[in-house]
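What follows is a pair of complexes built around chain A, which joins chain B in one and chain C in the other.
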Partner chain A sequence: MKSIDSLIKTNDVSYVYLNSINPIKAVNKISLSIKQGEYIAMLGRNGSGKSTFARLLNALLLPSEGEVIVLSKNAANEDDLWFIRKRVGMIFQNPDNQIIGTTVEEDIAFGPENLGVIQQEIKSRVTQALTDVGILDLRERAPHMLSGGQKQKVGIAAILAMHPMCIIMDESTSMLDPLGREELLKVVSILNKKEKITIINITHHMEEATFANRVIIIDNGKIVEDGTPAEVFTDVDKITKIGLDVPQVTLLLHKLKKAGYLKKVDAITVKQAYERIVQILE
Partner chain B sequence: MNNIITLSNVSYSYNKGTPLEKKALNQVFLSIDKGEFVAIIGHTGSGKSTLIQHMNGLIKPDKGSIIIDGQDTKGKGLKELRKKVGIVFQYPEHQLFEETVYKDIEFGLLKHSIPKDERKKRIKEIATILELSDDILLKSPYELSGGQKRRAAIAGILVLQPEILVLDEPVAGLDPAGCKELFNIVRQLHLIKKITVILVSHSMEIVADYADRIIVMDRGQIKMDGLVDEIFSREDELRAINLSVPQIAKLMQLLNQLDSTINSKIFTVDKAYDEILKKVKKNHD
Partner chain C sequence: MIKDITLGQYLPGNSIIHRLDPRTKLLMTVSFMMVLFILNSILSLIISMVIVLSCYHIAGISYKYAFKGIKPVLYVIVFTVILNVFFTSGAPLLVWKFITISKEGVNSAILVSLRVLTLITSASIMTYTTTPIMLTDAIEKLFKPLKKIKVPVHEMAMMMTIALRFIPTLIDETDKIMKAQAARGADIGTGNIIQRAKSFIPILVPLFISSFKRADDLAIAMESRCYRGGEGRTSMRVLKFTNKDLFAFIAFVLFTIILFVLQFFI
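Up next, the complex of A and B:
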């Protein structure tokens, strides 16, 4: 791969938490390249290091060892911090922890204001961001009166107003109900397809991985799987051993394969599984 | 006869008498027997949380009545009631506050004036079930992992030996292995100690795996109430109120449209496997 198409690159990056009696190496020499326009699902157990790794990608944390390069700028270089954070935005688990404005549009204007964007431009960016996530009608509402799903959309819009190239979602759907989750994922998919914004979705919900075109599994601070969803979920035994799940239909095909009825497990959606099972039923 | 929870014509509104008044429960009738494992599903704002907060008297109904094991929640004896009904709220670990895990679990027992020896015995028993080692018990709650914190918080409820355990989204934020561990413990308590379990969850897969009966809430009312296979076979009605069915349910319905001899009322991987194998063997004969 030519270095030019990598948006984020990590070289042997490690991170050690020193603030406890026993220092914990949360990220252990990860080397990875992420291209513009990719949609990545990042999975791993609680404490696997995935959130720490994500925080290294937009320089919220700085590496203990190794380096993180965003568009050829080194995250360790203090002068480039704003350059990086402007391009790699992050949205967290609890929507209440990241909202600061008293109205939705004020909240969204906060980012570009801090970047020194001129007033007129801020206005148009806010309108555009609200339109892109489909919440223009909420612009004058008080954020704390919104539902969880709406709040997370405000979070996405706030990042969009900074014209990012990448959005990292750190378990941003875990507090949402199925409808809220579905709508947020829909918005994110559209941003990925239309605006070519790179998406990194850190999640425990395996079915969310089916939206991605690349799945990365982190365990004990290292990458243990990296491939398309179909490739990664095929190895059901390995995934289960790590302590993760596969979608229900994948598990079903895995059992059918073990019993000798299928050659490989390559379905993660209901539709794909249906086609495979129809074949064995003839 | 074995009835442990009875709601008769229960209505409740928030912000009563203001322009923001919102009817959260509207004429709810519900009866749950001792030893049932019931799941309550419904989208956000459907009234699930309001409903469960009525079960230990945290909220009292505007109209109607709630009888828990013969006791009206509007009457005296709230302390007894809360011992009987343990509610584990979302993210219960946010309520941990003591210096050590042991002290945190002990807190409720002290409030109920349980003698020291008995406290010790109960904490030991619960810690074993929830796999909280002696080492963990002496730690500060803030030193624990997410899964351990969750179990520590649940231990504080279980140690009061509730007859009814209400769980509101107990695995939100836990990874799949942690989720399985926790539910296996709940299932054990349900089977061995005969605890009545009421589970509020957005995960239809978990509901399919663990519950016997499903109550579907919508706009403050009970929209459906039945056994798991009956409820999940009504996909269109669930979709209409923004709920879904497990992946396997969708798959089996597609297969049933192709071949009507395939049973569509299947929601778990194991049962789907058996059904498909049966069909394959038959086709190959």
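Up next, the complex of A and C:
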């Protein structure tokens, strides 16, 4: 078991959409290794290939070229398909279109039911998942009576009940209001720290990247940046050229640097930026 | 407001009828309906009606709900009564000019109307005390043997569950689309019947398109949560026959025997 520390590994993965008139290469030879317990923010413009890439990671799509290895199992192997989907859960953009049950409880039970978990254990898993996400009081609610943020939390709980090692959020915050988004990210952060669940948050909100400990920027189906948030956001010019925004505080420091007050840009949160500015003033 | 509609007509409660296994309720309702068609004496039918109404009492459901179920078919009942009274030939009971009312006519009018009333109230009590999802479960379990002859029982039950889940969501969406089209100047619900029917096209088309999009999303979400059909699937809700169900069955059989005895010997 040489790859015990690498949860997901991709080797030169490409994906081509064939169903259009001219085939589109959405993912172009991405090689990447994701470790257990990482919190990754995956950024990119619309159509950059980040969602396609995410779908390759839990075998919803199979690569046209290259291979995806999850816990030393190849995603292209049909026998391992369910093993992989059980370990790598995914929540999607539209909170309404991923709730299958007529009540919250039933929706969360859907995953374990598919895995063939025995009845008593399903109940305890549902209770545990609801407690972990902090929505135990919503247990009996019907999905249409929930807010968007609550629905996405149900989505997270539904994956947790399957005991995953990784949760992929495919633009899951994009349809939420700021409060709902903040709460969802808080829940996910706690899961990452406490349960060591790997989080891959696909987003185009730069501010969300500050929660992560690794930022990957994808453009035209290729990885253009990969590193800690501080490393990646240092290069403000490059990121703006790709068509993305940097967090506001980083932009502020970048301007201060241009004006000659700072040697390097290394702050991504308001607190860090505050400290740097205080340093300048002193 | 449009959000508050309840699915089916379930009225929450905790009576013994609510707590019966849904399979028991479904089987008993179906067999009771068959019994009603066989019964042919007014006395037996009146007693069946009393039994059904006492079920309402036990379930703690007000009788006005029993009437609510009857309302839509009231005209049908009135119509059949008129037909039966005036057009059944037999021993004349009342003759006035060219109208003859026969004894048999009155008899069969009472029989038919009692039968229809009891049928509807008995079917309603089942839907009043069972959630749609429990009914789906019951149907899936009861029809399980049909799997052997390749009837997709699980798939049909899953489709029913998803339909139930999405009814409120789609109602919400219809509401939104109606408002959006009204904001663009669409005139909905005025004019003659053809104009009104036509005005629903701009609502139905977007609704259809978005439903297909939803179906697509939902399929992906289900797949990513390891859904692979009914094979090897377990269920959180397990239906279990208890003593209550046994008691209900015995009571049902006893009442049926009494009803038939009354019909044939009195």
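As a convention for this text, the second predicted complex is superposed on the first by the 280 of 282 C-alpha atoms of A that agree within 3 Å, B and C clash if a C-alpha of one lies under 4 Å from a C-alpha of the other, contacts with A are read in each partner's own complex, and residues count from 1 in each chain.
By definition in this document, a contact is a pair of C-beta atoms (placed from the backbone, for glycine too) under 8 Å apart; a residue touches a chain by one contact, two chains touch by 3 or more.
None of the values given here were measured: they were computed from a predicted structure.
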Partner chain(s) touched by A:60 [first = chain B, second = chain C, both, neither]: second
First (chain B), second (chain C), both or neither touched by A:97: second
Chain B versus chain C as contact partner of A:89, first or second or both or neither: second
First, second, both or neither for A:144, with chain B first and chain C second: second
Which superposed partner A:26 touches (first chain B, second chain C, both, neither): neither
Touching partner for A:282 - first (chain B), second (chain C), both, neither: first
First (chain B), second (chain C), both or neither touched by A:256: first
Contact set on chain B toward chain A in their complex: 43-45, 143, 145-147, 172-178, 202, 205, 242-244, 246-248, 250-251, 254-255, 258-259, 269, 272-273, 276-277, 279-280, 283
Footprint of chain B on chain A - complex, ascending: 20, 44-47, 93, 147-149, 171, 174-175, 177-180, 204, 206-207, 243-245, 247-249, 251-252, 255-256, 259, 261, 270, 273-274, 277-278, 280-282
In the complex, chain A residues that touch chain C: 58, 60, 82, 85-86, 89-90, 92, 94, 96-102, 105-106, 109-119, 122-123, 126, 142-145, 158-159, 162
Of chain C, residues touching chain A in the complex: 3, 7, 132-133, 161-162, 164-165, 168-169, 172, 213-214, 217-218, 220-228, 232-238
